[in-house]
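Once you scroll down, you'll see the structures, which are given as structure tokens.
Here come two complexes built around chain A, the first alongside chain B, the second alongside chain C.
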Partner chain A sequence: MSALVLAQEAAAAGITDKGIAALTYGLGAIGPGIGIGYLVGQSVQAMARQPEAAGMVRTTMFLGIAFVEALALIGFVVFFLGQ
Partner chain B sequence: MFALEFPPLSHIVNWPGIAGEGAWWEINKVVLIYGIAALLTILLFVLGSRKKALVPTGAQNFAEVVVEFVEDGIARETMGEAGVKYTPFLISLFLYIFFCNIFEVIPIFQMPATARIAVPLVLALIAYVVYHGAGLKAHGFGYFKHALVPPGVPIALLLLVIPIEFVSKFLVQPFSHTVRLFANLLAGHILLVTFAVLTSGLFVLKPYLPLAILPAAGVVVFTAFEVFVSLLQAYVFTLLTGVYINAAQSHEH
Partner chain C sequence: MTAATSAGVGVLASNDQGPAPERQVAKDILRRGAIALPVALLVGFIGWGPAGAASVGFAAALVLANFWLAAVLLGWAARISYGLLMGVALFGFLVRMGLIAVAVMAVRDQGWVEPVPLGATLVVTHLGLLFWETRFVSASLAFPGLKPSPEES
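Moving on, here comes the complex of A and B:
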């Protein structure tokens, strides 16, 4: 009953499935955004402090980015499924 | 706004068949790209290894750069000396993915073959077989204990840890391996289509014609960015394959 009322109110307010999907993807991108920013920032700091370790830091950085980014990409796929 | 009609997703990733319409072997643009990418990978090494000159030129030069990059930058970096024997496998993965990706920016084609889930899925499954195979070879049936039971966990917690490890290692890992490549390239493709649609939309509307220069510049900038993404995603996919092989066969614990 309440779900029906909610759906009616959503329709009246012009909220569509597409809009909700887009909003959800936006929310899902916040975490990975912060994560990648922090990760790359720390890596740059490490490379600046110890340039001789730059190669190792870079590989590990890309690896970390790949893992963090997976969350955002799953959000991206869910965005298309939710449309 | 501006009467722009963004094409639905199926219009920008589905292509009509070139030959064999409706047959099981129907060839469309994406299938053609799969074939060309495989041919390019083979051709590069056939041409590159034909002469074996001391001072490399042309194809040999490029092939040697790729081999060096994958052997030192990926195989040795992730697996140490034990990883050198996986170099041929990693090179084929790297080059095939790169060639599939780069068709995103090549005129006439302009479609990354990896933006359809088939190729990332099959490559991730091949990698799945290889890294679990490497683990089974290194540990025998003790591999499942090696993979599922992290060292130093109290026995009471094992009930909780084993299912989590199983789901993450055997189910989520190949899934994220696939989706990472697929979604990155699909997103890049959609980005380029968006800017192209915007440009042509503004171009048709006479009063907004000068504004069309902004999305047109966007197309140029993001095309350059997509070249970088193609290379990066091929690198990341190969790097992760190396990391997974290493995690499966390593003895340290």
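Moving on, here comes the complex of A and C:
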């Protein structure tokens, strides 16, 4: 019932399903953004503490970023297929 | 400026002039992507016809370009400063996701695009290549990038 009311209010306000899908994807991309920020911050700290291990840390960081990015990619694909 | 603040500034201003292991890993991912691409194209063709194969090829190209762009940007930023590396990692993520979104949305109404193989290839290729690559990454002090080939070790 409340979902119906929300949908009616959204329609009255001119918010389309596409707009809601885009907003949801934007909200979903916040999580990976936080993850990448934390990951890179910790990596920079590790490289500063042990400069001789910088190459090793950068490799791990690159793979970590790519794995976190997969979450955002999944969110985008769900948004794309759900349209 | 306190000692902690000056130490923080020093960290962000320092850089890494060594070889870029990201490029080595990304190049290897591209090589493995090229190996897997014919199989993916065949699956797309069998499942959805020529449009499926074209969609699979387009999505795989996007994923490989994304890996390569990430490696180039991170390697470039690490040579300048760690502060820039942090910025490039975060804003690079936003820019690359935006580029993928623009590329996909630009072609979604074309006749040669099938949404399901396009979307599935984006996710499966990205994750599949990453998991495959982790088997060949050394990430050790002696070999920061890939594991050495038998001739090297």
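The rule is short, and it goes like this: the second predicted complex is superposed on the first by the 74 of 83 C-alpha atoms of A that agree within 3 Å, B and C clash if a C-alpha of one lies under 4 Å from a C-alpha of the other, contacts with A are read in each partner's own complex, and residues count from 1 in each chain.
We adopt the following convention: contacts are C-beta pairs under 8 Å (C-beta built on N, C-alpha and C of every residue); 3 or more make two chains touch, one makes a residue touch a chain.
Since we're looking at a predicted model, the values are computed, not measured.
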item	value
Per-residue touch tally on chain A - higher for chain B or for chain C	C
First, second, both or neither for A:Glu69, with chain B first and chain C second	both
Which of chain B and chain C A:Gly33 touches, first, second, both or neither	second
Which superposed partner A:Ile15 touches (first chain B, second chain C, both, neither)	neither
Touching partner for A:Val77 - first (chain B), second (chain C), both, neither	both
First, second, both or neither for A:Pro51, with chain B first and chain C second	second
Touched partner set for A:Leu23, first chain B, second chain C, both or neither	neither
First, second, both or neither for A:Gly41, with chain B first and chain C second	second
Chain B/chain C common contact set on chain A	55-56, 59, 62-63, 65-66, 69-70, 73-74, 76-77, 80
For the chain B and chain A complex, residues of the former touching the latter	9, 73, 77-78, 176, 179-180, 183-184, 186-187, 232, 235-236, 239-240, 243
Contacting residues of chain C [partner chain A, same complex]	11-12, 14, 16, 18-22, 25-26, 66-67, 70-71, 74, 78, 82, 85-86, 89-90, 93-94, 96-97, 100-101, 104-105, 108, 115-116, 118-120, 122-123, 126-127, 130, 133-134, 137-141, 144-145
Residue numbers on chain A that touch chain C, as the complex places them	29, 32-33, 36-37, 40-41, 44-45, 47-48, 51-56, 58-63, 65-67, 69-70, 72-74, 76-77, 80-81
Complex contact set, residues of chain A against chain B	55-56, 59, 62-63, 65-66, 69-70, 73-74, 76-77, 80
